[in-house]
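Consider the two complexes below, in which chain A is the common component and chain B and chain C are the respective partners.
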Partner chain A sequence: MADLRPAAIMGGNRIPFARANGPYARASNQDMLTAALDGLVARFGLQNARLGEVAAGAVLKHSRDFNLTREAVLGARLSPWTPAYDVQQACGTGLETTIHVANKIALGQIESGIAAGVDTASDAPIAVNEDLRRVLLQVNRAKSLPQRLALLRKLRPTQVIPETPRNAEPRTGMSMGEHAAITAREWGITREEQDQFAVSSHLHLAAAWKRGFFDDLVTPYLGLQQDQNMRPDASMESLARLKPVFGKDGTATMTAGNSTPLSDGASAVLLSTDEWANERRLPILTHLIDAETAAVDYVHGGEGLLMAPVYAVPRLLERNKLALQDFDFYEIHEAFASTVLATLKAWEDPSYCKEHLGLSKPLGPIDRARLNVNGSSLAVGHPFAATGGRIVTTLAKLLAQKGSGRGLISICAAGGQGVVAILEAA
Partner chain B sequence: MKLKIPGVPSPTRLRRYAPGQPLVDGPVLVGGAPGGKLRDPICEILGRAGASVGESPSAVAEPSRWSAIIFDATGITDIAGLLALHAFTAPAFRNLRPSGRLIVLGTPPEDCPQPKAAAAQRALDGFIRSAGKEARLGSTANLIDIAGGAEDAIESTLRFFLSGRSAYISGQVIRLTPATPMPTPDWDHPLRDRVAVVTGAARGIGAAIAETLSRDGAQVIVLDVPAQGAALAEVANSVGAIAFQIDITAEDAPARLATYLKDRYGAVDVFVHNAGITRDRSLVNMPAEQWSSVLAVNLGAQLRINEALLDQNVLRPGGRVICISSTSGIAGNRGQTNYAASKAGIIGMVQALAPVMAKGDMTINAVAPGFIETAMTKAMPFATREIGRRINSLNQGGLPVDVAETVAWLGQPGTAGVNGQVIRVCGQSILGA
Partner chain C sequence: MTVQLDHRPGLGRLYAKAVATARSRRGDQLPETSVEMADVTIDREQLASYAEVCGFRHSDVLPPTYPHVLAFPLAMTLMVDPSFPFPLPGLVHVANRITQQRTLRADERLTLRVRATDLRPHPRGRQFDMTIEATVAGEPVWAETSTYLRRERPRSSRSAKDPSPQPGEGQGGGIAPTAIWRVPRNIGRRYAAVSGDINPIHLNPLVARLFGFRRAIAHGMWLKARCLAALEGRLPHVLTAEVEFKSPVLLPSTVGFSSQLKGSTWAIAVFQRSSGRPHLNGSIEA
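Entry: the complex of A and B
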């Protein structure tokens, strides 16, 4: 086996993120993923290029999209000889595809690849009623007409009610917001803290757009030129007017303003070996140094649903002999403002770090001025599988602009999972 | 677009270039006045291009005999010498094929120390402009003035004016100055291995320029404002170019652009300033911001980018800068005081920068399109549009590709002798003639 060679990240492309049932309401996952890939092709001159692979995925996915990524590649301007596959790890999907492609590059199995993700909450799959489905499958298996007729007599009017996807955990029946509200209460995260955090996300994002930071990261799509959810005029006053939507009355702190909205969008990241990039004179922004995935047992009450990154990060730091403070930028996915705040509090808490993470001393605080400096999901929106690619390219460009240093990415995901990674300036 | 109006002749379909097309579609008649030294080089060029050459004009009518008439008038030094021009072209002119070419090669009048020689050479100017107006069926007439020492630099220009690439240029005078052209190994892909940048490339003329430069072999980088990014990516992907979204009027745009081009390509060979906007209003009704935004996009950005290109050595030796001006900038246009000012300013910039560019073996030129069929002209009122189309010698509007072909010719490594000029692509429009 060849020596390990950290994968280079040259940049990426995404379409502006839209609010669900907004400008992308009629766009499918395949449409948006193809658009994100084509924008990347245009930016890097990859027309008809055969890459090592394209890995992508979606969280909300139609059954007909069993080969979503490959179909998008065939529809995009890449060479149709480029292999592709789907990955699905809830909100971790976009970062997980990046890790997949980077690992294959590091191992010398491929020279180049694209990691991507897409999601639509507008064009969500609606499934046939489960009872109806069972009857229809039995009819299909039946051998004679009388048997079929007997089965068809079992059909009931209630079976026309379709199954729509819910943003809820199958094992607890609780929505992600309700889970997050429990964690917020446990850690004593106040409404003011959360609103303040959301305001800064919007203001940071608006400032980044204003100074052209996204000029070479985003390609407009279907008439949308900037992230639709962004509120450049967000303020504590405007957020204070919102009623809590998650948690119990009285103690509830989480509103639509400090939670991410349902969103539509797609993103893609270009990775390769240093040699592949150099041959094409593509400047390398960063290298992906290492990554870690963790899961927590949120079902039996051991831990909060979105707390897995809290466990993944110390393992990643330990392996790389780094302290939490050794980073120039932190990109912590803002599923909810309270999630980020609880994560940071957990790392600062000596007894929690000792009992839950097995650490002799806490990871300690981070410099908040280095956290999500260009805004994150609260302002940008969060099309589940597209968030990872957005964060990777944003951080890669931040590090390239700085010219040195490293950044930490932390993304929580449904099912009690977390994906984290380290990027280093090239 | 091809509306027939009773009593108005319908325009001839112009012979335009398509890949693989021969340089000319019939024999070329070559002649000259005594003292001219260009007949042999011309015949060599025609021979290399596979064109057959005729030497004597037929006295009888033979319609569609000649694809082109080339007359070397460089040796003419007095009025008597002009008689040879008349004797040669008069009988042959009626025998031009449709989309035929009359090309006269002259000596720049200012290079003639004798007043009678200068007068005779300047006479060619009036001759060619009138011939352009008399030309029928899509034929054109152009004069190429060749300064002493520029004789070796004629091939790319002669080929351009013979070919379908110059379909919409007529009645123009082009000046070749002494320069050492870089070799062109493949005339079907004269821009092979050249790196070219086009601003304002998401649509219209800019998109056509990107397509044409790419067709001629260049690696093209297309630029437009981020808001036009979707269309820009489509152009890039359809012509095999690279998209770079940037607002060229931004404070840091020249520096960002220079850094990007140096990082990605080391340096570039061709830079096409095409981006432009219109904000039409009569002078008395024009708000200051409409005035300023047009000047900022159309002229200010070009000045600042050129400065960065030169200061930071972004252009390779042999570099070509091509700036899209407009006949509005030459003739003026009602409601366009801001636009015409910006487009005239471009000509001033080109003329001032030409000697600076020449020192680095580079050139800078302006292309001034006349009435070109685009989304912009489609939005004009019917009568205005129809008049705009018709008031030129070719009796029709030009196409974006006509501007693009002119840009591609100026971008060629062989077009070293054309510098500091304004090439009008207007079908010899009567405006500003």
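Entry: the complex of A and C
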């Protein structure tokens, strides 16, 4: 086997993220993924290029889109001889596809590839009623006409009501927001802290747009030029007016303002070996050094649904002989403001670090000025599988601009999972 | 003479006029008039509906066939002018050529100009061209020539329909289809809704019978658009897409589509799946 060679990241492309049922309401996952890929192709001169692979995915996906990524590649301006496959790891999808492609590059199995993700909360799949589906399948299996007729008598008017996707954990019946509210209460995360965090996400994002940071990372789509959810005028006063939506009674702290909105969007990242990039005279922004995935037992194990990255990061640090403070930038996905705040608190808590993470001393605090410096999901929006690609590209450019150093990515995902990774400036 | 329109004319009124004046039209000259409209903007909702019906992806780039739809009311305006010699009902769309100098974007403002030119004989009557030119800020970006036939002599035999068959081009299953399309019964009504072309031969089988078709037929420009949509990701930005409409697609139908790249030119064909009888033959050149 060849020596390991960390994959280079040359950059990425995404479409502006839109609020659900906004300007992308009629666009499908395939439309948006194709647009993100074609924007990347245009940015990096990949017309008709045959890449090693394209890995992408979507969380809310129609069954007809079983081969979503391959279909998007066939319609994009890449070579149709480029293989592709779908990955789904909830909100971790975009980072997980990046890790897949980077690992194959590191192992010498491919020279180049695209990692991508897309999601639409607008064009969501609606399935036929579960009772109706069972009856129809039984009719299909029935051997005789009388059997079929008997089964058809099971049809009921209520069965026209379709199944719509719900943002709830199958095993707990609670939405992600309700789970996060439990964690927020356990860690004593206040409403004020959360609102402050959300305001800074909006202000950081607006400042980054204003100074042109996203000009070579985003391609306008369907008339939208910038992230629709961004509120450059966000303030504590405006957020304080919102009523809590998750949790219960007087202790509820989580509002629509300090939680991510349902969103539509797509992102893509270009990775390769150094040689491939050099041959094409493409600048290398960063290398993906290492990654780790963790899962927690949020069902019976007493851990919070979105706490898996808290476990993944110390394992990743130990393997790379790094301290939590050894990073120039931290990109912690803002599923909810309270999730980021609980994550940081957990790493600072000696008894939690000892009992849950098995650490002799806590990971300690981070320099907050290095956290989500260009805003994150609270302001940008969060089309589930597209968030990873957005974060990787943002961090890669931050490191390239600085010219040195390393950054940490941490993304929590449904199902009690977390995906984390380290990027280093090239 | 140029007629300047400052807003898109209502198609309902134009159709009423077309039907009312159909019987009185005669002559052997096309009007010199051109119909022009400046600053035509793209309605993204309508573009999205058009894309869904024709199989294009939702994007910021206009399908090469879309300016045809934008200019359709202008063409109608010209064809219901008193000086226009042919009645609209019964005109047969026999060919269409689109040339695009670059891709057009949905946020661009187009100036559209429509004329009727080149009246000439055809084995089965007379034919002429409707030409559309689209400019952006004075720069010619897109042009179309649609050839229409006014049938004046009955067809002598089946073979006379297709005087110059191209060997191997969708003839009797000469080439294998690259795709099978099931063209649904309602495609005529759906395309009418997004294009404004509400010619009843596309909408209603009974009316289609009056004009000699066994069933309602698909719009030629839908079929062309569907072909270009099938080449998603492969179409050059600068292109000439030329098709001949060989026979109508009766609705519903199952048809074969074939595409073949020779050098930088795509040869495309649509044909009846069972018999191989050609519906559309064409080429797309970079």
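Please note the rule applied: the second predicted complex is superposed on the first by the 425 of 426 C-alpha atoms of A that agree within 3 Å, B and C clash if a C-alpha of one lies under 4 Å from a C-alpha of the other, contacts with A are read in each partner's own complex, and residues count from 1 in each chain.
Following the convention adopted for this analysis, a contact is a pair of C-beta atoms (placed from the backbone, for glycine too) under 8 Å apart; a residue touches a chain by one contact, two chains touch by 3 or more.
Remember, predicted model here, so these are calculated numbers, not experimental data.
Looking at the shared chain after the overlay, A:G250 reaches neither chain B nor chain C.
Using the contact criterion defined above for the overlaid structures, shared-chain residue A:G301 touches neither chain B nor chain C, since it reaches no partner. Once the two complexes are laid over each other on the shared chain, residue contacts for A:G45 go to chain B alone; chain C is not touched.
By the touch criterion stated above, A:G403 is placed in contact with neither chain B nor chain C. After overlaying the two complexes on the shared chain, residue contacts for A:G173 are found with neither chain B nor chain C.
Of the two partner chains placed around the shared chain by superposition, chain C is the only one that A:P80 touches, whereas chain B remains out of contact. In the superposition on chain A, A:P283 makes contact with chain B only, not with chain C. Once the two complexes are overlaid on the shared chain, A:P146 sits clear of chain B and of chain C alike.
When both complexes are overlaid on chain A, the residue A:D31 reaches chain C alone and has no touch with chain B. Taken together, the two structures place residues 38, 77, 220-222 of chain A in contact with chain B in one case and with chain C in the other. The part of chain A that touches chain B in the complex is made up of residues 38-39, 41-45, 47-48, 77, 212, 214-216, 218-222, 225, 281-283. Taken in their complex, chain C has these residues touching chain A: 44, 48, 52, 57-60, 106-107, 232-234.
Looking at the complex, you find that chain B touches chain A at residues 219, 226-230, 232-234, 236-237, 240-247, 250, 252, 263-266. By the touch criterion stated above, chain A contacts chain C in their complex at residues 24, 26-28, 30-31, 34-35, 38, 74-78, 80, 220-223.
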